[in-house]
Amino acid sequence: MRVGIIGASGYTGSELLRILYKHPEAEVVAASSRRYEGKEIWKLHRFLKGFYDLKFCDTNLKNFENCDVVFTPVPHGEAMQYVPQLLDAGIKVIDISADYRLDRETYEKVYGKKHEGYRKAVYGLTEIHRDEIAKSNLVANPGCYPTATILAAAPLAKLELIEKVIFDCKSGITGAGESPSSFTHYPNLHESIVPYNINKHRHYYEIVQELGRFQRDLEISFTPQVFPGSRGILCTAHVFLRGELSNEELYKIYEDFYKNCYFVRLQDEVSLSQVRGSNFCDIAIFSAGKRVVIVSAIDNLVKGASGQAIQNMNVMFGLDEKTGLDFPPLFP
Amino acid sequence: MRVGIIGASGYTGSELLRILYKHPEAEVVAASSRRYEGKEIWKLHRFLKGFYDLKFCDTNLKNFENCDVVFTPVPHGEAMQYVPQLLDAGIKVIDISADYRLDRETYEKVYGKKHEGYRKAVYGLTEIHRDEIAKSNLVANPGCYPTATILAAAPLAKLELIEKVIFDCKSGITGAGESPSSFTHYPNLHESIVPYNINKHRHYYEIVQELGRFQRDLEISFTPQVFPGSRGILCTAHVFLRGELSNEELYKIYEDFYKNCYFVRLQDEVSLSQVRGSNFCDIAIFSAGKRVVIVSAIDNLVKGASGQAIQNMNVMFGLDEKTGLDFPPLFP
Amino acid sequence: MRVGIIGASGYTGSELLRILYKHPEAEVVAASSRRYEGKEIWKLHRFLKGFYDLKFCDTNLKNFENCDVVFTPVPHGEAMQYVPQLLDAGIKVIDISADYRLDRETYEKVYGKKHEGYRKAVYGLTEIHRDEIAKSNLVANPGCYPTATILAAAPLAKLELIEKVIFDCKSGITGAGESPSSFTHYPNLHESIVPYNINKHRHYYEIVQELGRFQRDLEISFTPQVFPGSRGILCTAHVFLRGELSNEELYKIYEDFYKNCYFVRLQDEVSLSQVRGSNFCDIAIFSAGKRVVIVSAIDNLVKGASGQAIQNMNVMFGLDEKTGLDFPPLFP
Amino acid sequence: MRVGIIGASGYTGSELLRILYKHPEAEVVAASSRRYEGKEIWKLHRFLKGFYDLKFCDTNLKNFENCDVVFTPVPHGEAMQYVPQLLDAGIKVIDISADYRLDRETYEKVYGKKHEGYRKAVYGLTEIHRDEIAKSNLVANPGCYPTATILAAAPLAKLELIEKVIFDCKSGITGAGESPSSFTHYPNLHESIVPYNINKHRHYYEIVQELGRFQRDLEISFTPQVFPGSRGILCTAHVFLRGELSNEELYKIYEDFYKNCYFVRLQDEVSLSQVRGSNFCDIAIFSAGKRVVIVSAIDNLVKGASGQAIQNMNVMFGLDEKTGLDFPPLFP
């Protein structure tokens, strides 16, 4: 597979480059960056010295016309400028912006702008939509928070067991991107936990959309926070059930739901170190009768972005979904 | 005031020494440690070089008989061995273990041991029990989590507005004490958030006891977690109200409740850096109709332990409660 | 003393405000910021809520004409615009920019710009120039690295014992200021040590100037690095002596040199936690014959900037130099 | 190749397991731990869940008799109990303790104990001893500090250009192992740089031995320090040359020396993030005439331990040295 990346200068771009280097069936043949066009990739992403000779190209679609698949890790509002043309040229697209995750109307309301290149896409949470992804040419790769939260609650939502759920999420700061800001300024984050966008983060709508497919009437709260770390999202899901369930019953429900899911692991304890650098989502369950705490952990740049995108690519091209992704995490 | 400290080798002990050095009305005249008896205090607490000539004494009560007040930052189960004799000798006691926070029956159930020196104490959350503290000879200094959580929810509980509340708390690792363990091992915590004792932390019972005084029927969940930092507790309180309240109404409720409380500050945003090293509890309010997020931040070793203990001492001796404590936090 | 601060929006400014609040003889009466003029100080420096009602004024000298002393924590090149007029108005100045640390010629070479307001100043390393500071109206507060390095080597340089010395310094990131940049971007610093400006940092010239006063012919190397922390400079000084000295002889030399220096503490081990938030410089000595390792530790924002500036103020006004500064560090 | 690991419960052991899982020519068939014998590997190393079904065996050599090669990441003094028997059984050994790095006499002096199983080994710094390693049955894998320091200075030492060199090294705390101690206690390390074993670290003797092979008369200083991070060693080598060299000349010397070395990369800047999780040693050069600063960076658990051990295994078995190791670092 010939792979293109539109917008390869950020963390999601470099993470695609990192993982795809070892993918046995894929090769990155074009990677664009408006800002760094003409520069060798490794001169920006110095950790990749020795791995790529490629230079950043511009975003002109001609540079991608030989690709079988293109990833688009660009800011929202920008992907919609490229995606329709790529699809029309017969190229499969895995969008890593937010442009294709929500239905048109919700998107325009939440992101406050007209959608100028709307196409119907499959929501790329692989464990939930694997079959549709296999048949799709356009996959909307989920946000990092939605990945962690939906995987934590889906097994219960599917059985319509939830009364309400509060997702208290803690993310590493790479989720804020590679551009320096007051938010990512070291002294503002070190030794701190910073809640932000409380009750108004856009990822909320993805979570509602996807869990709502399973259970219409559940009540969802979502609080994003950053913690002093680079990678990882830990989601503490406080679930109020409609009836009591023991830890064993809960464990059984999760085991059944994820029985064919290589990348979801049930653990007695979870820790971000256990999943760092990998595509795994580790989940632990703590029951207290009608109230349950589900803790999920992912690497926000892998399962929460580039790794899941490659997992989706594998599914779209009929490969085993773990191809090129079956490496252990980096601990500690 | 002549002050004694039984158990001065840990973080709570050294924090008492740090703050009391500048207290205009108090002087530490005895500080014990079984392990370091005979050693100069500054040779253990090297940051205090130049501040104290005192040596650690043993815990024999004779060493404390000239004290007006004694602090007991010792493990639970140990304070009960000293407290009755101190009281009987006419010495005021501020217990910084867990031995006097709960009624006898609950204590014995929760801590799994017989209480061998029970006396009635006032729960030392100064903002809530100031008047009783002023008249008491025995104050049970609150746990760090209870301080952060109760201050976050008390104004709403007092008006019986709460349906349920989930306290999702993130603590710095000094809360685990000065003894190395797997839990405090650097590689196990760095870049991680570690939930622990989910649904079974002992501080839960303090929270239930104190909020229950205001509102009997509220439902409380409490999840403790450590984050990669040394000091501080950030409490994200997810509150479900019985009716809708705007941000302004909420703000007014908190402002009224805390109007005479120097150490509680309402802020638009909170951050652990804003309170580090100080006795402040900063609180921010984020409303979404019937659901509200209250975020509170304290330094676990100051307002969560030694600072509040000194605040209580001030109240017990008729001083302004902020005496020796009215210094700014250390930011960033 | 009525104190003014020109440029109070940064870390050095807020640190002056933090410490001066508790200074028994000084009161901040004016604090300027071009960017935040008209805004309440505590609304920018939220940790100071409750401590100051003052608003930022503009830098017009009229706002400072009632001051006895003015601090100028501004970027280099800017202080020279204010200092001469302040001095001419009879106001003492403690400059916390780099504008008055070097002789005019060296300054213009090193900083690559014409000095448009040159006046002769005393270099404000209090332990070295205490007597001249007492008589001066203009003190040039030292850089953070020069403070840590000069204090580490001065006792040996004074006795002309050094053949060469390599200062390998590790600084917390607050030294880079409060403006976000690629350098202070959390993911670029976490888990890393970043050498920068190797062989070309401007602080080198201060170190050469000051140690050169003691010993003309010593060879100095200086390598600055940042480490993943907020505050603190640890200086590892690798000294090659002209002859062998035992640890005892070395200790005696340092003890003699610093015998009247409250803020220099000789310790068996040093750690940044031991000095955090305080004006201390802790020093430890490790001898290996002709080669010696001297380790010094300061808080870069206190002894390395605002604390030492206040120490100098005390000396200039005939107060005990530790007035308002004799509080313990914040450990851990 | 059938691989055995004696002592697989620590960080070096789990890192071998992590990397070897993806090695195309090797399979771990036995992994011992006295403490965890009988336990599934993944139940201790939870990040490896799904990767290994193997249980820890005991250290009885029968468990390893089918191995082609055995790694011994055990404490010094322990490897000597296993190595001779393994060799006598025709099994190749890569010792990751310190037992075979030094000649017998130096070892006994430095480690203060009799060597009870001495055999002649090749020092396994692959870039230096590749040819001898290829012919050897016993390779002594270098210490982490020696790897970073020797690679930084070898090209200059080989040309006998060095007058003296000071290695100021900063290591992540995983170098101290997986057992909690005061040294690894989070509050003792966070926000700090901790020098330790100054002038008396045992790795000094490895450095002297290996650089001494190239240049007999050079003067070496070595100062180890830990920084608040988990993985990585950054070595700042302050080199005093016998004559002046320009940056270009220096660069050429390093390029020549490392021209066939896949795992040494010359970079304009180095950062621990650039090498994290990988077997690379990145090097940057900063000249100032006769004085030069060479900065090298490795992941202490990979190039500084398990990765280099696998690199040596590859060489011993005639494979390309990068087999199973040619994956990019994990940035950021």
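When the chains are written out, they are named A, B, C and D in that same order, and each has its own residue count from 1.
What we mean here is this: a contact is a pair of C-beta atoms (placed from the backbone, for glycine too) under 8 Å apart; a residue touches a chain by one contact, two chains touch by 3 or more.
Keep in mind the model is a prediction, meaning the values are calculated, not measured.
**Student:** Of all the other chains, whose mean CA position lies farthest from subunit A?
**Tutor:** Chain C.
**Student:** Look at the interfaces B-D and A-D and say which one is made up of more C-beta pairs in contact.
**Tutor:** Top pair by contacting C-beta pairs is A-D.
**Student:** How many Å are there between the centre of subunit A and the centre of subunit B, using C-alpha atoms for each centre?
**Tutor:** So the centre of subunit A lies 40 Å away from the centre of subunit B.
**Student:** Quick one: report the Å distance separating subunit B from subunit D, using the average Cα coordinate of each chain.
**Tutor:** 46
**Student:** Averaging over Cα atoms per chain, report the distance between subunit A and subunit D in Å.
**Tutor:** Using C-alpha averages as centres, the distance is 35 Å.
**Student:** For subunit C, give me the residues that contact two or more of the other chains.
**Tutor:** As it turns out, subunit C has residues touching two or more other chains at 11, 174, 187, 190-191, 228-231, 271, 273, 276, 332.
**Student:** In the complex formed with subunit B, which residues of subunit A make contact?
**Tutor:** It comes out as residues 164, 166, 168, 170, 172, 187-188, 190-195, 198-199, 221, 223, 225, 227-232, 234, 236, 238, 240, 270-273, 276, 286-288, 291, 293, 295, 332.
**Student:** With touch defined as at the start, can you tell me which subunit A residues reach subunit C in the complex?
**Tutor:** 11, 173-174, 178, 180-182, 184-187, 189-191, 228-230
**Student:** Name, in rising order, each residue of subunit A that touches subunit D in their complex.
**Tutor:** Against subunit D, subunit A makes touches at 11, 14, 17-18, 21-22, 45-51, 174, 190-191, 230-231, 262, 265, 267-269, 271, 273-277, 282, 327-332.
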